[in-house]
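Here is the structure we will look at, set down as structure tokens.
Should a chain be cited, it is by its letter among A, B, C and D, assigned in written order, with residues numbered from 1 in that chain.
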Amino acid sequence: MFIFFIIISIVISFSIFILKNKIATNILPIVFLILLIMLSGYAYMNINKTENYFFTYDSLGVLFTFVLTILSIATYYFSRSYLKNEDYSSRKVSVYYSALIMLITAIMTTYFSNNFAVLWVSIEATSLFVSMLIFFERTKVALEAAWKYLFVSSIGIAVAFIGILLMGIAVSNYGLTDLSFGTLSNVVKSMNTYWLKISVLFIVAGFSVKLSVFPLYAVAVDAKTIAPSPINAIMSTALVNVGFVAFFRTFAIISHTPILAWTQNVLFIIGLFSIFIASIQLTRVKRLKRAFAFSTMEHMGIISLGLAVGGIGYYAVILHIVLHSFVKAGLFYQINKIHSIFKSKWINDFSAYFKINPLAGLSLILGFISVLAIPPSGLFVSEFLIFKALFLSHQYIIAVVALILLTVIMVILSKIFLTILFGNVQENIKVDKINPLGNIIQLSFFGLVIYLGINPPPFFMDLINSSISILN
Amino acid sequence: MNFLFIIIYAITLIYFAYSERVKKFVWLLSVQGFVLFGMVFSSLKEIEIFDFIFILTETILVKSIIVPWFLNRVRKHNGLKRIHEPSIPVFYSVIIVILTLILSFVLSNNILNSQMHTQFFTVAFASVIFGFYFIINHKNIFSHLVGYLIIENGIFMISLAVGNTMPLLVNLAVLLDIVLGILVLGVFLNRVGNTFQSDEINQLTELKD
Amino acid sequence: MIDLNKIAKIKNNESISLKDIAIIDYEEFSHIVIELLKQPENHCLSYFAYKSNDNLQFIMAVGDDKNHNILLLSHLLKSDEKPELESLTKEIFALHIFEREIHENFGINFIEHPWLKPVRFANNRANKEMQINDYPFYSIKSEELHEVGVGPIHAGVIEPGHFRFICNGENVLHLEIQLGWQHRGIEKLFLDKENNLQRNLLAENIAGDTAIGHTTAFAQTIEALAGKQLGKQRHIERALALELERIAIHTGDISALCTDIAYHFGSNVFGILRTAIINFMQFWSGNRFGKSLIRVGGTHLPFTEELKVELLDVLSKYEKQFEEMVYITFRLPSVQNRFDFIGIVSPEQARTIGTVGLSARMSQIERDIRVSHPNFAYQEFPYETITAERGDVFARFLLKKKEIRKSISWIRNVMENYNFDASQNEKPDYQLKLKPSSFAISLVEAWRGEVCHCAITDEAGKLKHYKIKDPSMHNWKALELSLRNVEISDFPINNKSYNLSYCGHDL
Amino acid sequence: MISLLLILLSSLFFVGIIIQTKAKIAARKMPSIFQPLSDVIRLFKKGAIYSSTTSIIFRAAPIVYFSSVLIAALFIPFGGNVGLLSFYGDFVFFAYLLAIGKFLMIIAAMDTGSGFEGMGANREALYSMLVEPAFFILAGSIALFTNNVSFQELFSNLHIVSSLSYSISVASIYVLIYIALVENSRMPVDDPKTHLELTMVHEVMVLDNSGFDLALIHIATWLKFAIYGSILANFLIKNTWSIYEQIGVYFVIQIAFAIIVGILESFKARNKMSKNPQWIIMLSAIAVVSFLTALIVAHKIILN
């Protein structure tokens, strides 16, 4: 089934690319979305089923697929308005959609792959398609960002590949020939810890490009600054989740080996450094998207901490990343709106958004509350759980330092939000007819976050719990 | 016989550190491709026709013919300067590459694993480390691409050392990486060359706030 | 905007009555000069002073490269006035050398000139107390720096000149060049000798490697003063000789550059090739440098159809070997490594110091008399300027090669389209009657750059002042600039790549 | 004894062959092969002139330089025959003997107080310093390879059998040829023909030497070339050959070496001065690689 999905997606993407006409760009993406919904339903039905040898519908994958499906639908909606607003040629539009469809397919492949090689190949594929989308506007800056993203993520992925190869040593010791996660987690236990440590370092450092955490955070931030906002919504959420999947799978393999404690320390370092760098960088940002890119980095830092601390942290981490996906997506859709109203990308050019567009202002406030993890945001619940886990495992220093840094970030982001929301209306701002549907989608995202945080439905909890069951 | 190729590979790394000419970089990459082929060929225990064809395409065709040809085209298309000035003087680069090689040989000596061909590690580590150094050291995009390819060659050798039992999957990954990476990177490089009128990396600073 | 109507305008190789050159006061003069020279198409050809009834008359010739005009400006410093003028150098740096020369000759104090000192220590210098031995070199006081002095006597067989380097280790921070050891008082000799043949011989010896260039300029100046119109063929012959001289010297330079980087193969082959060309000159004129070929008012050695056959033969042989050797040399990595990015003079710098000829063209400045002020031959057979981009030694090396090719194709064009007529043989006329109280100017693009000769006659039609400007005057400064932040061991190749004239500068 | 005779003999024509090769390539008339010899004889006939600023060092330097090179020549073995002097670790002594002579030349150049000579001495000192590790690493790797530490035993135990030992000897010969070029101040490091003081290295150092002293310096240079040529020859000569074969091959190698030098100098431009250090360190780098190879061959590094 999954291999058919990939083939059909490629066919759809390719035909959009070839046909280049309005009908294709209007209809085919919808066909793809329907396919996506069907696949996520199918995956949920056949949970833990292995298909085509390389793919397994495991709970984490299914959970993320749900998120991706919802985001894809929203992204499609906002992409339409984005493309219409700027009035791009049908050729560019077709490139946009075909790349987007391939990106979503590649992301799906990473979620479901049960094998390091396939995971690695599909992550490589995501960088290719993302860089095509980053370059979409064809400006000098876009080119710069796309080039840097492609180059550094290629290097990051090469580094990760070295790690995977080293892990392959363990497998080859047993005369096995596949790199599936199941096999690996069975054999690495008896592997030389020295080599295992090196391989973990390589893998983590390499995939940090995708998770946009320390050490290779910079290019992802740059890319997110430049990419079209709907793409940004995918990049900061589903693509980051790809990085998380890679981290998580590696961690799952390691979790039963003697180097677990060491790996946890590595993750602590990554997490703390990411939050620290994000807070430093946030003091200097001038572009709105960049601010949010660093906010993503901060959240991913928290997730690393949660993954490192374990226990209740595992649950919180999955919850956090799912909720973060919805919040960030909603915010990026909103940023798209802000940019098109103020015709600028710089924070200093924005003011009095609340007066100009009250409904959007309201949803921005809600997003603001959500992203800063202020109750009733669901992120508050997950963050609270992570810090609780930190304190429970006596990581006081880390917890306190992280909290202080989070406070700093909160202050800076609040300042940015206040600048945008209030102040005097600028003279040259003309507001077009406001379509409430977009805001409703965002509001429903933020509502979903609150709902999932406070009262998670049982199937959702089940998925999370079964995802983390391999860790415990 | 295998050691001979390893030694030649080590010497190509030294030449990479030594030379500043763009043409030389491309040429050296091509040589490395042939050396890699030699390595694979001499370490093959029995020749299976499919494996053999695959390796032939990957090393000779891709690494030493297509990629250098493509890079040469990019170089000419963008009218790159003949010399790429590194930020660290060549003198120190040569010393660094020597140290890297020694380190890498000593490291490989300490690996005790009967399953691996530790001989490949000797230059593979050096190649990866040097590739990173090369990227850091050079200021321009084209050289970055070259550095990336040096890393790729190092990875290829690690996969030779490790992937005795599972060559196909590993090689497929490397091949995909090279073809997609280089073609797309190259296309972007062309565009960068067209847009920025210069191949210096310090031109690419508009993104910083 | 300035009113250009007031300013006297002539073409190249023309004369004008002195009274048609309006004398304006210095303030207006400076204003006009600054306005003019700020435009990139204008550059100063010559600026000199001469004694006229105890007063000092200054004349400046500005070349307008776009409209092919030469603008003449003049101002007067009365004998009772204080010998002081506001320096124009601080606005137009290219004038520094002219003001220094006037300072040398007449002791005029140019106020706020950045580095006012005599160009050379001529016999007829104004301030006899200044000695060349206590020449004020620029110096930097620092513990880390040291000075290296080279010359005036050199290890190779070259002319005298002193080079003072201020170095930081192997790197040159500053180079100052002091010339003037070669001063012969040529300009004065032109006035002393009454006979045009004697003058003609003098012109051939202004600079040995530019014999044709200087002699042509001289002959054209005198002919302009006499108002004599030469036949077409003479002009074409002169241009032909000029191009042959260019090919020969450029080939020699390429050979010498190869020698300096110890590429002996190239050095030898290009040396041999140069011989082929100068041997043809010997065949034509009896002298390898073309001396005695160009004479005032005509020539004893007209170019003939037989010579044409011979020349084409020589050129085709030359070209074949040249192309082969060029293919090897210019691609040789060790040669490229040696020349690339060394001694860069940026287009802005080159424009500021007012370089001419090859030194200007190496940094994208299209300054070429053959195009901007063509004489008859280049009007009939137009020449296109070629420039190089980077302004480094390699650019100069490359430009020499390209100019050789261009010259050969120009000669071929002439050979194919012009039939030399043996009946047109004007003999030299040394008794030409010069117009009284006139000014004449002649510009020639010699191989090194523009050669400018100016002459002024008195009321009786005798030469009153003769002014020679060799392109080296401007271009030595380019050498100084290209040495900045270059290793001292790269000085020889820089020097050779310009191959500037000592005697042409010293006069 | 025989090796000393051979070195002396071959030194007579070595530079002559280089000059002849270069002349041949440049399509010029060749000077006699003994032209350098007659130049030196002419110099011997002249008296030396000393600058008034120089001290005893300047006068002593050429003699010390010459004798150090001459003594160094005594260490060179030939085929199975031991050199006149030979002891445990003599190649270290050999290298420092040459260094002493060079050192004296350098301070003698400083002694003249001329700016140029100081500059040249400075450059020469730098290059000698850089080339030293190359020589020692190379000697070390051959010592490791053969398990011996004196010249004679190094060469007599050198068995080139496997492909790796071939690669070691190829690398060694390559490095040795270039070490010889650097030590003798030839192209691409230095141009012996140049007339430009600013680019000179060795030539500018001996600018103030004249007559007898200059002749000694010239002869020392020839000897040095012949010494390096002999070392190269020792690489290739097999002990099992008869003595006549060995002598024949020896001269062939010496002549080939001279011709190679001549060809190198004709078809290549010299290095940029700032490129020289990196060019010389390159030799050390290649020597290191051959050292690593020797380690593998000697099973000091165990790889599978």
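By our rule, a contact is a pair of C-beta atoms (placed from the backbone, for glycine too) under 8 Å apart; a residue touches a chain by one contact, two chains touch by 3 or more.
No experiment lies behind these values; they were computed from the predicted model shown.
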item: Pair sharing more residue contacts (C-beta pairs) when B-D is set against B-C; value: B-D
item: Per-chain CA centroid nearest to the all-protein CA mean; value: B
item: Centre-to-centre distance between chain D and chain A (centres being mean Cα positions), rounded to whole Å; value: 65
item: Centroid distance [mean C-alpha coordinates] between chain D and chain B, Å; value: 36
item: Centroid distance [mean C-alpha coordinates] between chain C and chain B, Å; value: 52
item: Chain A-chain C separation of Cα centroids, rounded to whole Å; value: 70
item: Touching two or more other chains - residues of chain D; value: 275
item: Set of chain B residues in contact with two or more other chains; value: 116
item: Where chain C touches two or more other chains at once, by residue number; value: 337
item: Chain-level touch network, classified as line, ring, star, complete or other; value: other
item: Chains touching one another, given as label pairs in label order; value: A-B, B-C, B-D, C-D
item: Complex contact set, residues of chain A against chain B; value: 117, 120-121, 124-125, 128, 131, 135, 140-141, 143-148, 150-151, 154-155, 157-158, 161-162, 165-166, 168-169, 171-173, 175-179, 192, 222, 225-226, 284-287, 290
item: Sites on chain D touched by chain C in the complex; value: 22, 25-28, 115-116, 119, 187-188, 191, 193-199, 265-275
item: For the chain D and chain B complex, residues of the former touching the latter; value: 163-164, 167, 275, 277-279, 281-282, 284-286, 288-289, 292-293, 295-296, 301-304
item: Contact footprint of chain D on chain C as seen in their complex; value: 146, 148-150, 155-156, 170, 258, 260-265, 267-269, 272, 332, 334-335, 337-338, 342, 487-492
item: Residue ranges of chain B touching chain D (in the complex, touch as defined); value: 1, 3-4, 7, 10-11, 14, 17-18, 89-91, 94-95, 97-98, 101-102, 105-106, 108-109, 114, 116-119, 122
